[in-house]
């Protein structure tokens, strides 16, 4: 069987390189094209990542010509660039998985935080509608058919996986409000060196940021069905390279049992390859899922049966970015979701 | 002027050693006695902490005889031992600052988590009543007169400093419930090596623990005036040696302004040497207060004026333990609260 | 084709668990038996390592009966136990890869540091002779035939891979002496919690230990052909979970060129799947090989052409332990050395 | 007694800020001037370092006018700037402690690595001669009289403190060559964010760099009296914020005893406040001296009495930079060397 022809734009960033490593090992994919829009004096991916010393992966200049025979394009680029290039790629008939935030949001008020300037607002609006939010556990069928998959944000994935089953079961007192206190490793902040990512500033430290204003908030609201004032989402920067742990505080409408809550999660994720539901009272830790594509979920219910603490963990570069992109590819082409991810 | 005669029982633990270092530098204190109840083949504190190589600090066997001329006794011991020794120490006329959880709680239901077995329950109950909770920012006058000061828990200090001003101002919708999502460095777990504190288990990791069941919860409830079902307190173990950051989620009764909230904090801590209130919208980080006795507090108010996120930071061995013990000593003897802590 | 039947004794330690993970994924190996000699109230490996939550791997009590149909036994046990059990296992016809230090040393004076007490000294001595040192890059042919493979020490591997090519090329001034300054992550110290492995003692720290006395010294001497007084080996404990970097200082007999040195390394490791030789002047870092089975080698030659600094890196749990054990299995059964290790 | 008037140029870097903190607490020093040559929209030091929130320290624009009443000027600036400004400062009668590498080297061939372009080469050459190398343990008398003190490099201090006593005692076989394998925390690389100091690149990693080419090599050679080909100095970047550990390998001319070596160190540092010599066989660790001004030295002598491993540790921002600058100030003004450093 002919292997799939893929290309990655932006393979020198952390998520892009993680994706490159996964694609290079995927049994159904040809050696991908790695393209860049920046002029650099290098032509090998290993010059940026000596981890793959010995690989022959090239880094080539981007051109539409170069993409001619490609089936599936991964965009690991800033959202501005995704917003510009993707409409053209789709017109040329490519399928696209976009790792940026460019096409994730359905509601204009949520997209506003990105401040997009579209050359053609009308066609952009159509694309906003047709793009599929790439969380396979929620939208498997649509992803299979999609031409454009908007790969979810890392924080958003950790929150949605934990909250969606409870919301859909109708047991959450949404009026009361949900708190999501999230903590992420530093690779989530990208590879560009800044004062914020300097080792001396991060190590032995913890800080909260973007309180009431983080861009992933809109994704969570839209996907789980909360209103803007029903969610407080607070990210923190952890002194670790990768991994997210989100602690969520939920009030239930009616007192319930831990067994009932566990059943809701287990039913929801029945057959899901990449979500692991822990037994009631057992909580995941970042180490359990880091460097895997798992999102782990656990919870503790208070004795009153109404106050629920849910903890979810994932690797922000895997289930939070590149791993999920690969999982989406598997769904788009009808392969096992575990393919290339074990 | 004669210097104060002090003794420390338990100087080989992390908090005890931090206290030892502070006392060795305090200008109004004689070289303290460092006493231990364990038989060991050593007689110098530096054998446990080469950091103070060159110091002449001895480590001696505990006896009441040895304490004869001591004015002030610090207990950096397990709470069971504090519960046993302190009644006798008080009878002998010593003043005591206890760093354990033995005497912090006023309500029997909160003390229950410790499962104390008192030889003389009646006199223990009296002592429970008369012991002063050693948070100078709340109980300065009583500490000055106290014979027994119960030094607060590290997590509890970070939560109380942030919540007490809001609760006393009467603006908190307590019925709605308060969330305190706290994160601590590993020294808070003590010096005894366990699987949980093994470097490989902690590094590159984050974990929540004791959900709905941490012992410091009772202190927070009693000191800020919340009922048991009005507070969710969730501690997490951070991969750093020291420092606590607590993120608190509070609903206000009425919409208010950031300026009004800032004024509440600033008024409450007017003249307080060891609490720093950050300007509205600016948040403290662990690095800002680590290795100092400061507890830093900052907040962000949502646009609706009702949802408030408060962040507090402190060093769990300083303001969360030994530094606060020294501050209490300063208050007990009428000295400046900064003495020996700069 | 029938798959290989394997068993692991000691799968709950760090190296044992790494091996378990590798074996569970190896395409030519049946689900292995995981055996333990300790009585525990558990029967699943995931109770020790929630990382593999969802796996069905059992943890069973050790018995010879249980090993009856096993082809290959991995021992990830303390060396005392390896010294006791392996002679019996060999008699029963099992092939064995031993990850401990029990059977690595050929010279009695080097074995002395372990202080073995063999029930049958004579047969133990025979076994000492016939055991094959399991560094495939040096002893590929013998490993293929061996009944007992003594898997090398982690530090030893990093030093031997760097020094053996130079020694065999005859360019090293051995009389002058070789310095190996090695640094290792904490998992090398094992999973048992000790004061030395407590997070607070390791983090933000570096320490040298076992100067002139580390057990791996003998392996290096024997394998590269240096005399005891021609090598100084100094290990250090790094504040990272895994990875080794060794910096070696070598004086050459005659001035030479960087190209000549590079050729020596490249020729020596021609066709070797798991050693990567860096171009002259480029040095490996721990991150480049961690979580892979590579040992990376690089060097810088001084302008005088005589003073050579060689740096080698590997993952102490992979090429330094479990990965190398798997590589040895691949060699023993005539499979590609990359099988199960990509 | 009138307090000393000081100024710091470059207080926003890591070493400059450490110096600022020390000076703000020094009992014999007025609140210093903090000057900057960069235009910034800020006027307070705490905007760069919230650690000192509440301090009133201002950050002002540099001008010679502003320095008019200053007694002692600290330069925590790039060496190019020190090379330009210091001649003028000296002409104006200021005393200067320079933390850069601008004036440390006596030999032109060693200075060559910096590539200085002096406007007035002749007067620069005179200054090169008269500048005093600011290691008080070696040059206490000259520092006391000096107008310009060149504060040593952090790596250089750790090496010189360990090697100078042995070299001066005449026991080192210098012909054989000395190896110094040094490891430093990241703050030594400065505050400017670069790929090399990005948290994700440094954490869980170790790397060697500048092999045979680090700028501090010349300082070590000049101060201990080795020739260029008699020393190999290899720095490594540790995943910790601060601290240096150097491991040195020395061959002795004649077999000697550990007691004799210990006596050499103890005699050399008799009365030295900031060097601690450990008992033979006991080695310092980074944690023992970090956040102090100590340089700790320990050693192990091989059984043959000829091969010696010496380990020294210090905090690169304290004894390796700002602490040593303060110690130099204490010497220059005849104060106790401990003043302001306890």
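Letters A, B, C and D name the chains as they come in the text, with residue numbers starting at 1 for each one.
Methods note: a contact is a pair of C-beta atoms (placed from the backbone, for glycine too) under 8 Å apart; a residue touches a chain by one contact, two chains touch by 3 or more.
Just so it is clear, the model here is predicted, and its values are computed rather than measured.
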Compute the centre of every chain as the mean of its C-alpha atoms, then state which one is farthest from the centre of subunit A.
D
If you tally contacting C-beta pairs, which pair wins, A-B or A-C?
A-B
Interchain centroid distance [CA atoms averaged], subunit A/subunit C, Å
37
Whole-Å separation of chain centres (CA-atom averages), subunit A against subunit D:
46
CA centroid of subunit A to CA centroid of subunit B, Å
40
Overlap residues in subunit A, where contacts from two or more other chains coincide
203-204, 239-242, 285, 287
Which residues, counting only subunit B, touch subunit A once they are in their complex?
176-177, 179, 181, 183, 185, 201, 203-209, 211-212, 229, 232, 234, 236, 238-243, 245, 247, 249, 251, 283, 285-287, 290, 300, 302-304, 307, 309, 311
Using the touch definition from the top, list the residues of subunit D that touch subunit B in their complex.
25, 50-51, 53-54, 204, 276, 278, 284-285, 287-289, 291-292, 296, 342
Which residues of subunit C touch subunit B once you look at their complex with the stated criterion?
14, 186-187, 191, 193-195, 197-200, 202-204, 239-242
